[in-house]
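In the two complexes below, subunit A is the common chain; its partner is subunit B in one and subunit C in the other.
Right, the complex of A and B next:
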């Protein structure tokens, strides 16, 4: 360990730490463009220059290792003057088209200009600026503006070090240096949108988000990605309903506009995959269930919630009394939260049966933003994407659903066919991903033998269209809860928008049944989690407070410190 | 409680007789009538709408969108004016511009004049001098609120 003084504050850091990281630990953010905690050191922007006692010239803090007894000043008048000079050169060929630029509002160049720039420019004639290529389409996802680029090389290092596809590089020399791909070939891969996050300016922009909404009109809500079992920490950028939200005619509220990654050193670092990033489109798809539906003589008909609760509860009771509690079954879901699976389990326990089967989605075909030669459900890579595409497989197993639903393995379908099971409550749709038509149809016809089939899901499906009751649940953006990722880390999702139409959060629907079967009353997901933590051994002692923004491991051994990752030193850094 | 002072009304003799006072009033009216008849240039009434009083050019009139030399709108759909607007009456939908050096243009640009408070903050906020309030025309009254939402074509005509 080495002790050094930065702006009068004493910090102790391990040997080899760079001054910029030591300053971060002391709570001082040194302005930077090219430094990124997850990437190698380039040292090209020079903005992080600091004064070190005993050295005549300033040194770049990102590439200066700490020394014992070092005394560093980050904000002397000389350093301020140096930064202004550096800033002026960075801006020499920058078009300063902030109003048009989509990065405006979250632009590092903009922010640091107000903080440390504010120079008097010697470049009086804007017509002398070097003209470079604008609106260069690099594939389907990214658009490049080489004029706005300040050549920090973050994107080049991202391609070389994280995705290792070496696609981006510098071209030309001097004033005419540009970022680009060889022969303007399109970018490939499933992590392209991270280039937009890495880019401190508006040079690399997301085609999906470009022109959609100004960034100061959306607010972030912390959540967890539900596209695979990694459980990447994300932010949903939404326009919330009500409040002081303005300009809603072409920019409606109650809508998720984009997904951004959130730093978690042990789960996803600074990155998320493009499939996760585009998954918000599944929230605002046309085909969503928005009303409880009941099977009638002329197909499914819209009904009220009160009807649905009353009818399902009384039919469940009737079947359990007539044919015994084992004739009632419920199917847990790896797509739903711990709380919801627990409520289903608790309800079934109250009815005198013990549910053991859960289902897991294995999506066929592609997904928006997915590049791969196999089905999305089969795909995995060595960066983030896990083979299991369900956010809560570990969780549903920990709650008590041990067996996975398969066409023969779990014994559920044969029992239905034999008539042993007469009522089935499905959380989600277990048949959605069976695209083998024969097995799908035989499973569907088996399901039709049930006296009572309830499907609680956010999306319509073939199974739902054959159900006795269809209860409209919601997507992960419209409810509270926890997912347990493949590592066994319990992490919280948060409600970002109001449920669509008459749809209800899934835990609200289930808590109504639990209440009707005298299993207790729950008014919030947090309350359910408390009961879950008491009853299920794996979750013992956990609370929402403990989960916080970093999650808790299952079984509870320790709350993981954010510093435990290899390059998590940049905690609190906002790239 | 306010204090009410009771005053006795005391009418003069002429007032009590009524007729002389009535005739006195008629004299004033008749004198005005003949003066206006023979010297109409001294009239204080303005014959609106045929006749209008001059308006200060500093007044904030109805908005217009300025054009480039080729007749397309100067607006780059940067959303500065709806952000600045305190009445939340400007609505813009952006679109890709065919010229990459401009990059962005409004596909739709609507101002709800029934909500506008004519504060001029949109003009102040505009970085491109694309919106001005110098048409010399006042608001557009209508029997229906929806007719007071003006679109990009209307605003470009000025």
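Right, the complex of A and C next:
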């Protein structure tokens, strides 16, 4: 460990730490463009220059290792002057087109201008500025404006060091230097949108997000990505219902506008994949279930919730009484939260049966933004994307569902065929990933033998269309709860928007049944989690408070030390 | 004075190995092979030899910075990417006395324990590259290079690598990047090349002239070499004299020789009987000297430093009284703008803006505030970048304006230049 003094504050850091990081630890954020905690040091923006006692010249704090007894000043008048000068040079050839730039509002260049700049520019004549390429399409996801670019090199380093596809580079030299791809080839891969995050200015922009909404009209809601078992920490950027009301025609409220990664050093670092990023499209798709449906003579018909609860509860009771509790079955889901699976398990216990089967069914086929040589369901890489595309496989198993619904439904389908099981409550659609037509059809026909089939799901499906009752659940953006990722880390999702139509949060639907079977009353996901933590050994002792923003590992042997996963190395994105 | 580098250059066959050996060539290498590496380094330290590329760093000390026991090979890079405006001394050695360079390289490799050396030669030196390659082939054929040289058990391979014409590749870390096949971007330091250099191995980069001095030092001893010149600037040096003199060219002079001797005695004085106006004494990157300052200055590191300039690469650019200093600075600024690699913001943007402003002053469209703007920009560029290219642009700007401010003001005031006849 080494002790140094930064702006009068003593700070102790391990040997080899760079001054910029040590300052961060002391609570001092040194302005920077090119430094990014997850990337190598480029040392080109020079903005992080500090004064070190005993050195004549200023030193860039990103590449200066700490030394015992070092005395650093980050804000002397000379340093402020230097910084202002370097800043002015960054802006000299910048087009300053903030009003039409999508980065506006979250642009580091803009923020620093307000903090350290605010000078009268000596280089305001746009005709004298260096003209470079604008609107360069780098494939289907990213668009580049080389005039806005401040050549911090972060994107180049991201490609070289994180995705290792070496796609971006600097071209030309001097003040004609531009970022680009060789021969203007399109960018490839599943991590392109992270380039937009690492870009501190509006040079690399997301084609998916740009021109949709000004960033100050959306607010972030912390959540967890549900596209695979990695459980990447994300932020949903939403316009909340009843929030700032401005231009609701072009920018409707109660809508998720984009997904951004949230730093978690042990899960996803600063990154998420493009599939996760585009997954908000699944929230606002046309085909969602928005009201309870009951099978009638002319197919499924819309009904009220009261009807649904009453009818399902009494039928369940009837079947259990007539044919015994074992004729009632329920199917847990790795797509649903710990709380929801727990409620289902608790309800079934109360009815006298013990559910053991869960499913991991995710739809086959591609995904928006997905680049791969195999189906999304089979795809994995060595960066983030896990083979298991369910956000809560570890969780549903830990709750008590330990048999996976496979081709024969883990014995469930034969039992239905034999008439041993007469009522089935499905969380989600277990047949969604069956591609083999024959198996799929035989499973469907088995399901049709049931006296009562309830499907609780956010999306319509072939199975739902054959159900006695279809209960509209919601997507992960519309409810509270926890997912347990592939590492066994329990992490919280949060409600960002109101449920669609009459749809209800899945835990709300299930708690209604639990209540009707005198299994207790729950008014919040947190309350359910408390009960879960008491009853299920793997979750013993956990609370939402402990989970916090960094999660808790399962089984609970240790809580995360405050440092691991904390934003020790920088403040969020565009640090 | 004994000449060290140009002694036999009048013999046009010196580039042939037989001729070089006739004058006692490769005896230094033979001696070096019989010495311990530390002994060679000690002799070089004793000689006081300082790098001839521009910075003037003591060569012996540079060698001792090499990372020890890394388990990695050590490389020597010979910097033959001579591109500093006003400098053309390495070219002379390469074209006329290549074997002395090769011998110097071999001696340096013995000293630092390198078995592979690269000569990074400026792309435009077509002829030089041809001569040097032929000399290398001869040295291999005669057993001075290759496996087991002179039956000493020491292996050494030397490769000639031609650059593609970027000034920045003369900066040692950019040179290393370029050798590795990458774009010639100077690397962030630390780590220095002596620790992490070529192919991430410990590397020494030495200038052509520096290396060519080694045979003499090894053969005659460091003390003998140190007798030439001044205590802090030992030896002789090649000065590239250019500009408004009668006999421009490369002259080998003892360090500490008065600058006027070079201009008057060697260069034959100023052209057309005009008066001297200014001299850039160490390649285009160093601060300019006025006629008054030139009168009493000597060609050594300390004198130049005392006068606020540098000996640099020894490129002496002489300007007569008919020279427009604004235009001269504009020409320099254009060079640096073209050659900025574009990595660091102060250099990338600064060099371009400076040229833009100088162009408008030179064309009579300058604004009153432009002079202060130039000074402000040069301050932002000074010492704020990875490599010294921005400094190399800033130093002339600051010194030209400090010493010839009236000319800049006149250009702005009169909307033009009164030295029009020299603009060609």
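To be clear about the criterion, the second predicted complex is superposed on the first by the 554 of 575 C-alpha atoms of A that agree within 3 Å, B and C clash if a C-alpha of one lies under 4 Å from a C-alpha of the other, contacts with A are read in each partner's own complex, and residues count from 1 in each chain.
By our rule, a residue touches a chain if its C-beta (ideal position, glycine included) is under 8 Å from a C-beta of that chain, and two chains touch if they have at least 3 such contacts.
Bear in mind the structure is a predicted one, so any value in this text is a computation, not a measurement.
Colleague: With both complexes superposed on chain A, which partner does A:226 reach: first (subunit B), second (subunit C), both or neither?
Modeller: After superposition on chain A, A:226 lies in contact with neither partner.
Colleague: Please indicate which partner A:216 is in contact with in the superposed arrangement: first for subunit B, second for subunit C, both, or neither.
Modeller: After superposing on A, A:216 lies in contact with subunit B but is clear of subunit C.
Colleague: Where does A:122 make contact in the superposed view: on subunit B (first), on subunit C (second), on both, or on neither?
Modeller: second
Colleague: Which chain, subunit B or subunit C, is in touch with more residues of subunit A?
Modeller: Comparing touch counts on subunit A for subunit B and subunit C gives C.
Colleague: Which holds for A:74: it touches subunit B only (first), subunit C only (second), both, or neither?
Modeller: neither
Colleague: So in the superposed three-chain picture, is A:88 touching just subunit B, just subunit C, both, or none of them (first/second/both/neither)?
Modeller: second
Colleague: Tell me the contact category for A:337 with respect to subunit B and subunit C: first, second, both or neither.
Modeller: In the superposition, A:337 touches no partner, neither subunit B nor subunit C.
Colleague: Determine, under the contact definition given at the top, whether A:456 touches first (subunit B), second (subunit C), both, or neither.
Modeller: Neither subunit B nor subunit C is touched by A:456.
Colleague: Could you look at A:269 and tell me whether it touches subunit B, subunit C, both or neither (first, second, both, neither)?
Modeller: A:269: touches no partner chain.
Colleague: Which positions of subunit A touch subunit B when the two form their complex?
Modeller: 97, 99-100, 133-135, 211, 214, 216-217, 246-247, 249-250
Colleague: Would you tell me which residues of subunit C are touching subunit A in their complex?
Modeller: 166, 183, 188, 190, 337-346, 348-353, 356, 369, 373, 376-377, 379-380, 383-386
Colleague: Given the complex with subunit A, which residues does subunit B contribute to the contact?
Modeller: Against subunit A, subunit B makes touches at 76-80, 82-83, 85, 88, 90-96, 100-104, 108, 110, 127-128.
Colleague: In the complex of these two chains, what residues of subunit A are touching subunit C?
Modeller: It comes out as residues 41-47, 49, 57-58, 63, 65, 82, 85-86, 88-90, 92-93, 122-123, 128, 130, 150-151, 153, 169-170, 172-177.
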